[in-house]
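You will see two complexes here that share chain A, one where it goes with chain B and one where it goes with chain C.
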Partner chain A sequence: MAQVVAETPGSRERKLSAGQSVLDAQGLTTRQINQAIHRLIEQGVREIEIRNPVAQHCLAVAIKAEVRLHFRGSCGWYAAGMNDGATVVIDGNAGWGLAECMMRGRVEVQGNAGSGASVSIRGGLVFVRGDTGARAGIAMKGGVLIVGGNVGYLSGFMMQRGTIIVCGDAAEGLGDSMYEGTIYVGGRVAAYGADAVEKECTPDDRALLRRALEEFGIDASAIPFKKVESGRKLWNFSKHEPEMWRNAL
Partner chain B sequence: MCGIAGVFYKGTEPGPLGRTLVDMCQELFRRGTDSAGYAVYSPARTDAFLVRVDLEPASAQNGGPSAVLEAASAVTAVKDWQRAGHNLRLVVEGDAGGKLADQIESQVEGARVFSVGRSMEIIKDLGSANEMEGTYHVARYEGTHGIGHTRMATESRVDIAHSHPFWARPFPDIAVVHNGTITNYHKLRRALEQKGHHFATENDSEVIAVYIADRLQQGDSMEEALTASVRDLDGTFAYLIATKDGIGLARDQFAMKPLLFAEDDELVVLASEECAIRRVLRDPTLVPRELQAKEVRWWLRS
Partner chain C sequence: MSTGNGHRDPTLPVLRESQIWSRAVIEDIQMKAQLGRYRMQGFSTHRRVPTFDDLTFVPCTLSRVPLEGYRERCETKTVLGTRFAKKPVELKVPVTIAGMSYGALSKTAKTALGRAAARLGISTTTGDGGMLKEEREATRTMVYQVLPSRYGFDPDHLKMAEAIEIVIGQGAKPGTGGVLLGSKVSAVIAEQRTLPVGVDQRSPVRHPDFIGPDDLQIKIEELREATDWEKPIYVKLGASRVADDVKLAVKAGADVLVIDGMEGATGASPDVLLDHTGIPTMSGLCEAIRALEDMKALGQVQVIVSGGIKNGVDAAKALALGADAVSIGTAALIALNCNAPLFIEDYHRLGVEPGACHHCHTGRCPVGITTQDPELEKRLILDEASDRVFNFIQSMVMEMQMFARACGKSDVHHLEPEDMRALTLEASMITGIPLAGTDWILTPDAIADRVAARLEQRQRHPAHAAR
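Entry: the complex of A and B
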């Protein structure tokens, strides 16, 4: 880490050289932390290390600059929500609604994420090294979600576009009622959701997985991935298949 | 929305239970401040029962503490008693075969029995965990395990009787805290009433306590009772059930309500949100884990 070049006595912020800063969040409210982050960005800081986030909610939301935020600890709910360009690294866990509605940028979680990780993102990359709770990547409209571990119930529900890569297992209801987009699963799928169809991986799929996972130190060739896509039977109502419509959520 | 929290010390010695539960419930304030409450457990007394009685202003006109003592003395020997905030805490010889609570409430208008047990005491009141602490000093309580709750009321009245934890009346030492809504409440309650159980409130969470107590009484193990509850309870729930032996939990099939836990060699802490767990964890490297849909877990002292 660069040397400290400016420090106001009693301040929680330490300016480091080359546009870097450290922010100690211990004892600060969510609003104080977020205001400090936005203020530092306005001042031209491009790398901020945030210490002691102690799993507070709504941290680093709506960041519209290409900056790097590094949380030394866990974040609570809706971390990095509505992100538009920032790279957000979380050393610990993230709570519910990680990176919800992200437009651009990268969000990396080294621990686990709660339910609703990467919900409704339109672009960017979300990486969770551990497991996620239920409903990971539901209603995704673009972007990529990579989960090193397992995903919970109803993940990929009503996905519209984008890619979900799950290296571990998936709980029941995977890909339920998905419109488009692709889910890759390396482990066991407890049960597919309505109209989610398992397919073989092509050489192109395997190349995509290898490239996507390489930077996170995961060897895709060691994982027997299968591909899940929409069967597209729910796109149009058919009175000849009442059973399928009865079972669809 | 409500916040729930739990602590279980794995050793035989009591730990700083009250402090831990209060800290967690204070951290969960965003999840509701209509009321707060705790069920705290200490090593079971072989020769006595602990009774917590809430005294409404009405009961003061009907004799207050002395009327409660008189009512209790009619069916068992009262060994000791204190005032504790707005409650009366009695130490009595027996629970009159499960009839002690009914006896006190029928004799003293406005008195409500929160709990009867050899190990458990329920302390609850309106307001936030912060406000409650000024009156009850739960943080001073040493114990083996316990559960806590901070409430945002949805399904029933905001009053003390409808606050959590709920005692599985008349079963000693069983209590529940619940986040969610039980949609087949009336059906379950009718079925349990037909088996002879009585309910003290109109709250849907009370049915979980009685349901589990009924199953345990019939010989189910904690695991069996919890697993059956995931099948039989309809709606959304993350709940913690406590008995004199420990804590069990279950989460609904849709994983609609949050619940995480962290565990090391000495203790287990559980809460609706990680920030509450972080506030009390001594080891920052411990990683709390969220429960999956339909997951059940239990920690019992054998």
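Entry: the complex of A and C
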């Protein structure tokens, strides 16, 4: 870690050399933390370590800059929501709506994430080393979600594009009503959702998984991944599939 | 029509039709027997429900002094979002254009609405599918909707808007998600929404990242943080359990509530939802105002009401009942040319007549409004369409001012319930406004008060006291 070279008067910000800063968030409000992050970015800081985030909600939302934010602790709901270019690392856990609607960038959580992780992202990468709650990656429109552990109920629901990789188990309703996109699951699937179809992994799929997981220290070859895609039977209504549509409509 | 022996000709059609198995019911059953599903339609409910038409103004006579109709000023400026936002929205008149998606509407229609709104100093609203560049360029004040689908959602667009509207539901079909049938999911629309071309798009009803009111509070905080607390946050509710919903939305931190009644329209919906869900606009508005009064938040949180607002009269009555502004959707489309008697052969191809077309969901709009077909869209001439919307809303404003002046008010926002009487018992009970010709207010509390007052009178009556 670089040496402390200055401290902003009246704040918890410590500027480090080479465009780095430390922000002690202890006792600060969400508003104060986010304002401090924006101020440092405007000053040209490209790496910010945030200490004591104490699981506050809505931290580092809608950051449109190629910066690295490292939270030394857990974050609450909507951490890195609407992220557009930043790399956000969370040493602890994250609440609901992690990185929701992200456009670009990278979000890594070393612990677990709550429900709705990576929902509706259009690009970028979300990595959760532990488990996620329900509805992980629903309505994803692009990008990649990697979960080292298990995912909860209805994950991948109405997925539109992108890739979800689950190294552990998936709860009921996986991939329900997905339009497009691909889900890989390494463990047990409690039950697939409507129109989610299990397929064999091809050599290309295995190569993709190896590349995606090796940077996180996960050996893809040791995990028996299966692939899940849309059966495309719910794309347009058919009165000849009454059972499927009774559940889907 | 006699057979010559004085008897009715038995070959004449039978006129006695069943009230249960009417022609409409028979047609409905036979259509569903073909389709194998519920029926879809655009537009709004066909039902007669209690509306603002059931109220009348009681302008100034001897007991009040009116303003000169064409000489004395009557203000219309409207400010929305004064509770928490650093930059509240200022409108020149209390009218907004409701959220309608590019996808449901053509690009020309959205752009025409934007141009008209800019000239009028009012706002337009995005819809499912996100912000259309042409509309953003045309309009000055844009409300950016945050919808459950998040189709086309872009934080840059969120920051470009003047206000944010979190859509919890819509009046036409509260509790259900949007629909865009495959015929309207063109290559352009599909790309904007990240969907396969031609797919029947069924939007989710629940937001992906929050569910209940406590969650909403944090979601609002996130949107404020994302926009530096500058922009007002509207929460749009389909009128259902309005009192509870309003209280929860206010507690969650909304700046503005949009109450959308069951007369609200949509581009596509199962028809049974349009006719059998939600409560009327007038009822929803009254419930919302009472809920805000209960919370002592009236004036602090502004109310926009929508759903079947068809002219300045409805708007004036809504303001008198406590709304800060009205929002129009269908009326603006009709001003554009919806249901105009043009290209009649194309209406006939849809099996409808101009004036009774509700086939927005097909994408075959004969006048180029609710279509993605480039040939049909050419029928809507941008400049002319924009002028018509401008003229129509201008007429609404003049009507609002006319009623306000006649009631002695120098600001349309000064209209109040006391300026009106109810024409039906239903309207009286819903609004708490006396039935015309009486001073009765038929609400349970008022009835109880009146009964108590009469009992007290009887107790004091000499004949009673003598016993």
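Details
The working rule: the second predicted complex is superposed on the first by the 245 of 249 C-alpha atoms of A that agree within 3 Å, B and C clash if a C-alpha of one lies under 4 Å from a C-alpha of the other, contacts with A are read in each partner's own complex, and residues count from 1 in each chain.
Just so it is clear, a residue touches a chain if its C-beta (ideal position, glycine included) is under 8 Å from a C-beta of that chain, and two chains touch if they have at least 3 such contacts.
Quantities reported herein were computed from a predicted structural model and do not represent experimental measurements.
Measured by the number of chain A residues touched, the leading partner among chain B and chain C is C. In the superposition on chain A, A:100 makes contact with chain C only, not with chain B.
By the touch criterion defined above, A:184 reaches neither chain B nor chain C. Judged by the touch definition given at the top, the superposed model places A:92 against chain B, while chain C stays out of reach. Once the two complexes are overlaid on the shared chain, A:77 sits against chain B and chain C alike. Contacts of A:133 after superposition on the shared chain: chain B is touched, whereas chain C is not. By the touch criterion defined above, A:31 reaches chain C but does not reach chain B.
By the touch criterion stated above, A:161 is placed in contact with chain C alone, chain B being left untouched. Contacts of A:225 after superposition on the shared chain: neither chain B nor chain C is touched. Of the two partner chains, chain B and chain C are each touched by A:57. Residues 57, 76-77, 96, 135 of chain A lie in contact with chain B in one complex and with chain C in the other. Those residues of chain C that touch chain A in the shared complex are 35-38, 149-150, 153-156, 158-159, 182, 193-196, 198-200, 202, 204, 208-210, 215, 218-219, 221-222, 225-227, 229.
For chain A in complex with chain C, the touching residues are 30-31, 34, 57-58, 61-62, 64, 76-78, 81-82, 84, 96-97, 100-101, 103, 116, 119-120, 122, 135, 138-139, 141-142, 157-158, 160-161, 177, 179-180, 235-237, 239, 242, 245, 249. Of all residues in chain B, those touching chain A in their complex are 30, 253-255, 258, 260, 273-275, 277-279, 284, 287-290, 292-293.
On chain A, the positions that touch chain B within their shared complex are 54-57, 73-74, 76-77, 92-93, 95-96, 111-112, 114-115, 130-131, 133-135, 152-154, 171-172.
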